[in-house]
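To keep things simple, chains are lettered A, B, C, D, E and F as they appear, and every chain counts its residues starting from 1.
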Amino acid sequence: MSTTQLIIELCYIVAAGLFIFGIKMLGSAKTAKRGNLVSSLGMLLAVVATLAKGGLDYRWIAGGIIVGGLIGAVAAKRVAMTAMPEMVALFNGFGGIASLLVGWAEYHRSWSSGFPLHWGSLLPIFLAVLIGGITFTGSMVAYGKLSEKLSSKPLLFPGQGLFNALLLVIVIGIGIAYCMPTIEAKYALLLAIVGISLVLGVLAVIPIGGGDMPVVISLLNSYSGIAACAAGFVISNKVLIVAGALVGASGLILTAIMCKAMNRSLTNVLFSGFGSAGGSQGAAVEGEVNPISADDAYYILEAASSVLFVPGYGMAVAQAQHAVRELGSILTARGTDVRYAVHPVAGRMPGHMNVLLAEANVDYDQLVEPDDVNPTMGSVDVCLVIGANDVVNPAAREDTTSPIYGMPIIEVDRARTVFVLKRSMRSGFAGIENPLFFKENSRMLFGDAKTSITHLIEQFKD
Amino acid sequence: MDTINLLFILILSVFIGFELISKVPSTLHTPLMSGSNAISGITIVGALLALHAGDAHDPWMIGLGVAAVIFASINVVGGYLVTDRMLGMFIQKRSDDK
Amino acid sequence: MAMIPASIAKLVKLGLEVQVEAGLGRHIHVTDDAYRDAGAGITLDRRQLIGEADIVLRVRRPPDDEIAWFRQGAIHISYLDPFNEKELVQRLAAAHVSAISMEMIPRTTLAQKMDALSSQASLAGYVSVILAAERLNRVLPMMMTPAGTITPSNVFVLGAGVAGLQAIATAKRLGARVTAFDIRPSSAMEVESLGAKFLKIDLGETGQTKEGYAVELSPEQLAKQREGQARQCAQSDIVITTAQLFGRKAPVLITRDVVERMKPGSVIVDMAVESGGNVEGSRLDEEVEINGVRILGHGNLPGRVPDHASQVYASNLTNLITHFWDSEAGRLSLDTSDEIMRGCLVTHAGSIVNERLNMRK
Amino acid sequence: MAMIPASIAKLVKLGLEVQVEAGLGRHIHVTDDAYRDAGAGITLDRRQLIGEADIVLRVRRPPDDEIAWFRQGAIHISYLDPFNEKELVQRLAAAHVSAISMEMIPRTTLAQKMDALSSQASLAGYVSVILAAERLNRVLPMMMTPAGTITPSNVFVLGAGVAGLQAIATAKRLGARVTAFDIRPSSAMEVESLGAKFLKIDLGETGQTKEGYAVELSPEQLAKQREGQARQCAQSDIVITTAQLFGRKAPVLITRDVVERMKPGSVIVDMAVESGGNVEGSRLDEEVEINGVRILGHGNLPGRVPDHASQVYASNLTNLITHFWDSEAGRLSLDTSDEIMRGCLVTHAGSIVNERLNMRK
Amino acid sequence: MSTTQLIIELCYIVAAGLFIFGIKMLGSAKTAKRGNLVSSLGMLLAVVATLAKGGLDYRWIAGGIIVGGLIGAVAAKRVAMTAMPEMVALFNGFGGIASLLVGWAEYHRSWSSGFPLHWGSLLPIFLAVLIGGITFTGSMVAYGKLSEKLSSKPLLFPGQGLFNALLLVIVIGIGIAYCMPTIEAKYALLLAIVGISLVLGVLAVIPIGGGDMPVVISLLNSYSGIAACAAGFVISNKVLIVAGALVGASGLILTAIMCKAMNRSLTNVLFSGFGSAGGSQGAAVEGEVNPISADDAYYILEAASSVLFVPGYGMAVAQAQHAVRELGSILTARGTDVRYAVHPVAGRMPGHMNVLLAEANVDYDQLVEPDDVNPTMGSVDVCLVIGANDVVNPAAREDTTSPIYGMPIIEVDRARTVFVLKRSMRSGFAGIENPLFFKENSRMLFGDAKTSITHLIEQFKD
Amino acid sequence: MDTINLLFILILSVFIGFELISKVPSTLHTPLMSGSNAISGITIVGALLALHAGDAHDPWMIGLGVAAVIFASINVVGGYLVTDRMLGMFIQKRSDDK
């Protein structure tokens, strides 16, 4: 190995390390800005090392970099704060198409030189092109939806799911053929792959509503990492493989986190065409109880900007008041708006909740009565119902035959998301069923209230 | 053997990728996405290598290569800058809070 | 206790015309002018007041002589103690007064807002502890001081209903070690939900009416209970008894020999004194001292915090009227198909209509 | 207040012979036998008791006629109020009694264990709140009930010394909203350390003696303070004043017009009443009502929890004797090179030896 | 590449993954047992795959594995619970010598075949032999000390440090020579390296006291990983490299954690010969303040089995009572013995601490008075002094001229470790200096008490 | 090139190693050490490969190889078993606590 080559490879190793540190640092508020710098340093190093390799067509390269760099820089500087997510989508799409082009170019070189490639090289080319293509058009559609150049509504046509699946099967079939040594006319196959991948990208994103675009972009971002990784295999370049794999893997994790914060599953985001089908689906799940784990609840709570605690007799039984107050303080410290709604009959004596909350040093000013909080319930992101039952029973509003019909309740069911912390599906003092537990925006966090809250707190600390 | 090595490297990188981030505050979701999007622009290295001096005679190669370089450059440069701006806002907001 | 202006304003807003007896709010420092500002008229003559009213609100039972003043079909809402005041009830029925008894309001979730027993019991529970602390020869909380450690006082609460629970909470707040006992099966958890200790005595099967009230114990059970409690009492600096049996005489839980085994200087508050007393030797509205142990038999404990007692009683009354107000007809609906009304309406249209009351006869 | 057996046992163990006047512990329910069990002798005749003693322990100053009974060189330990009881001090000196004044014990960390002012003040602070709560026409804590929300009562504590701080703590425990004020610069932090609010009034420079006592305010400052407080008082349901100036008359902080602006039914506890009172119109051992506001002027508040008051005072005395006991010589060492002894020894060997006292003359 | 070879390599990849999961799972109580299983599966896979390679001398291999395996199995089954750490040391030493032998054998093969090796192979051989040798004898000495076959006291002779350093320099010199293509007589050099490495291992561990052996074993364990890694480079075997690097890296982290839990630095452990030099050193640091971060304090607290909280006025000022109680509950839940020592004059009024601790729901039974706790102070692992100052001032015991001389204090300075939580070096109410802060077993945890405690709590949660 | 690949692999592994454990409860220190000690017995793979059939004529090679295999086997087998025993105790103790 020549010394230059050695140095280049060492630079790649260092660059890979810088990417690792960069991503890690981006994950925490304190170091994020520096993390971005570190990773950009890694990029610079990788590019410089590559250029040092020699034998490249520097004029074209210079031209390309200058043009691309300028466009990128201007776009990044000009974009309005609010339009940043769509700009990221755009950039991401460009990364995808670049990977597609790299794969294509590599095939083109072998084709024009007449030197046939091994399947070990053809497979990565196929993957780079396919995933790069999907990423490109998918990102473009996402960009269009976010910037409202396209309708942000999900666009559905009958049989769409089936059609997409078919297309995918076809392209994979073509890909297999493409890799087979016996099959000729590979260039045509490649072009077919390019075409189908571009179509697939559009079709995959079109049916998703604008509100879910951030998740989609994050997923596409992971894809573009995978595409880069595939491109790395095409040209046997380790830094591409490492960086691509890092982005691919961490992007998947980030996507999962974002889904959790939206209280959705990835499948649900990708395939439900939620925005349009939401209504009917909501009715369909009625009568179903949705349990949630403290781990998952964390992501939703973490993303909330307004949280309402609704304590009841169960909080007293669990003696969870201190834990509740602590969770409240943590949220407050993070800038979340936190209040405690005390229902007059919560607990087993008048003022039961007051005694406990005062013991735990909850500020009197944070306590609100049902009448004060109900009108603004719609703007509450998360309601934590802590061992309360009768006092949050929507039957009091909805079911004229209910023995508590007409009682003013805390209308937690009108909050965006409701967590109900209790041990089982048992009823409360009044002995009546609570339809709240079956509402679509309710999540049951089963277990002793103190344990559950402590769990939630633990999630916040590390 | 080389492919196996690369596979080894891939697997290890994937492991690292999965370990790297676990609990990201929601305010950082977008910047993190944007930052790692910039990293995925690493494909620029592939683009550069596509522009072999030896291929200068083939306009197709040049076309594909230059297009790849341009797109990748947009991704890299734009990605890093936009991330930096986002994080700038972020830090500003945090210091405003105080 | 008396009506407060804020509640009057609510009634006026509902469309009622409200008349107040002059000087009504004197002892809670509310002037006639304040009532007038809230929209009430002031009447000097009680006879006239009652004679003209469709609905009469008051705290206690009407004196016998006033019953004649009522219009036929008038509604009278107050405490009545109908199980013990049988004669009064008959008289009200005879006078064709529709009497609603505040203590008969069912203890359901929906009826809470008009449940005066609860709201008053809660205040009484608080007062009982304050009173006991004031009379006790020691302080309640623990203090580790340079002049030695002051150990926390022991408080024992017998009967953990609404009043008992509030007493537990208040004593806990003051730093005492609190133990409690009750015979209702669900009460152990309720006591522990306030961070206090529940005394375990095995009485065998005990019951609870569907209303949530305790069922009377058998004599053997009562004996067992007394025995189980005796040691706890002897260790306690303050004992607060709240045990009541709805509509019956309260059980005697603390006999004289138990009192004698208590430390001199300790205090017992007998909150059941008005319905016969849980403590042998307690006397209504008196402080009896036996062997250095003071037994406080003050009746009407909520009356010691008259401001708040008035506020919550007035709210209960107002909530009751609001709940049953038929704004179209402009009158109170006395429909006994409603569970709450069936529970609390005692006399109507010349007869005694209350099931529980009729059953007990 | 009286000696308790546990403390006597300690003294006996130290090697002292202890005699107790018969019937001493009656009001704290301690029998003569209990003292005897602890190792004390019982003497019926006080004259004999005093005449034979090397050290006499008691709570209050000796009556004038008893001074003659003392042996020359006997030591007398009690409260003396020497700044105001000049004559008594002179008489004790003349009788060659070595008198130790409990209120003159320096407020240093080391002397804490014998500091009776602190230990009694602490109890008094607790009692003041219990007393006020018992007299108030409302409850202290917040309660959100079906019959409306009961807002927490406001308690305002003036003077955040030992008593004031304990009052703050007790009121906080009961769930009141507590605000406090004091003129010592360090007190804001001390108040906040109990979770209460400190009222900010800008008085300019205020001081604190090296003993930690407050320095008297200038008339302008006092006026400023009164003005700053007035609004807080008017909002408060309970006001507790503890402001004292060591050895001087207490400042009048609440004038009559402020009292008149308070809500009827509120309560003021004037804990400085024995040294002149912080509240205009307060009278020692009386409850005065002005415009519906009750002003409690009870003296000897710790006496309302006599058990604990006795326990801590007895500990203070015992700690003092133990601290200065010269076991070789078998007597109390009255060495005034010791800072504490220098502080609290008032008369010795026929003359008044206390610096602070002599300075003030 | 042949298919067998491909499969072998894939097995290696899987084995590496199993090791990664195994170590990760070993780090948490819930999964540790399964983690060990997972990693042993990885080992099995790696061994089987290697055997599948063919061309090996299977008789000798079978013999070796059976003999070694039997010895290992019997030793592991027989060893008394208490003797396990020394058994680990022994095993670890064997791993080290095995790496040494692998390196040696590889050199021997090239030597006997007369085919000279490149420096890229010689360097790993040198490292494998050197580190393997040090690990071997070092572990043996550690074993000897722990099993008390050797004196567990540190053994020191004058100039020892210098001598060790010299030896290290020499062996590195020899190593460089060994790698140089121009130098002949490499076999002699190798034997010299073997010899010196064995001596170095002994000399490095001999001066360390028996109490520090766990840390030493952990470090040597990391070394044996590095040796294996080097051996991996010798034979270009990836699974060796990965597994060795994993053990090397995670072993270093574990060593650092263990040092922190002992409130020591690694340098201090390795070079102080602490047990013997401790006394004089103690005197030397008098007058020095040792600050500590909450992160580091965590490790000590975490390892403590008996903890005493000593609250003072500072806790009240910081309103840290709730946080303190929470930390107490966490510790209690982990089986730590937790008490709260309340000094009668702590705070600014009698009973000040009682009010606050009662508010925070600290059980009355956990409160102790100075008289009760002082006699057993020697057995308290960690004392947390939370904003107390005068009441823990040892001057009251030691300094007859102190204004508080004679006052009973809480004698926290007699606990194993004392953390003092305060904001600065300022004195307390009495205005006197506190010698406690300068004691050797004291660590100052500067900052607002509530913040510090919250920090500590956070460390416990993740 | 191969060495570079191995170096790449080394670096990535070290990264993973550093990330793998962060906060280990003190009760697990010894088991973890013991468990990873068993992993370091991976050098057994090297030992096996040292016993090439082709080297059977050289007693030195056989001696070194067999010794290496024996030592490494002790490390591996003993290491895993002893770790397992330790963890067994540990889990037992924890269930005793309940």
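What we mean here is this: contacts are C-beta pairs under 8 Å (C-beta built on N, C-alpha and C of every residue); 3 or more make two chains touch, one makes a residue touch a chain.
Since the structure is predicted, the reported quantities are computational estimates derived from the model, not experimental observations.
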item	value
Interface residue identity across copies chain C, chain D - same or different by half	same
Distance from chain E to chain A - Cα centre to Cα centre, in angstrom	39
Where chain D and chain F are represented by their mean Cα positions, the distance between them in whole Å	73
Between chain D and chain A, distance of the C-alpha-averaged centres to the nearest whole Å	66
Where chain F touches two or more other chains at once, by residue number	1-3, 5-6, 8-9, 12-13, 15-16, 20
Sequence positions of chain A contacting 2 or more other chains	16, 20, 238, 242, 344-345, 350-351, 355, 358-359, 361, 462
Chain D residues counted as touching two or more neighbouring chains	112-113, 118-119, 122, 141, 143, 145-148, 150, 173, 175, 195
Chain-chain contacts as defined at top	A-B, A-C, A-D, A-E, A-F, B-E, B-F, C-D, C-E, D-E, E-F
Residue numbers on chain E that touch chain B, as the complex places them	1, 6, 9-10, 12-13, 16-17, 20, 238, 242
Chain C to chain D touching residues, read off their complex	28-29, 112-113, 115-116, 118-119, 122-123, 126-127, 130-131, 133-134, 136-139, 141, 143, 145-148, 150, 170, 173-175, 263-265, 292, 304-308, 311-313, 315-316, 319
Contacting residues of chain B [partner chain A, same complex]	2-3, 6, 9-10, 13-18, 20-56, 58, 60-62, 64-91, 94, 97
Sites on chain E touched by chain C in the complex	342-345, 350-351, 353-355, 358, 361, 364, 367, 369
Contact footprint of chain E on chain B as seen in their complex	1, 3-5, 7-8, 11-12, 15
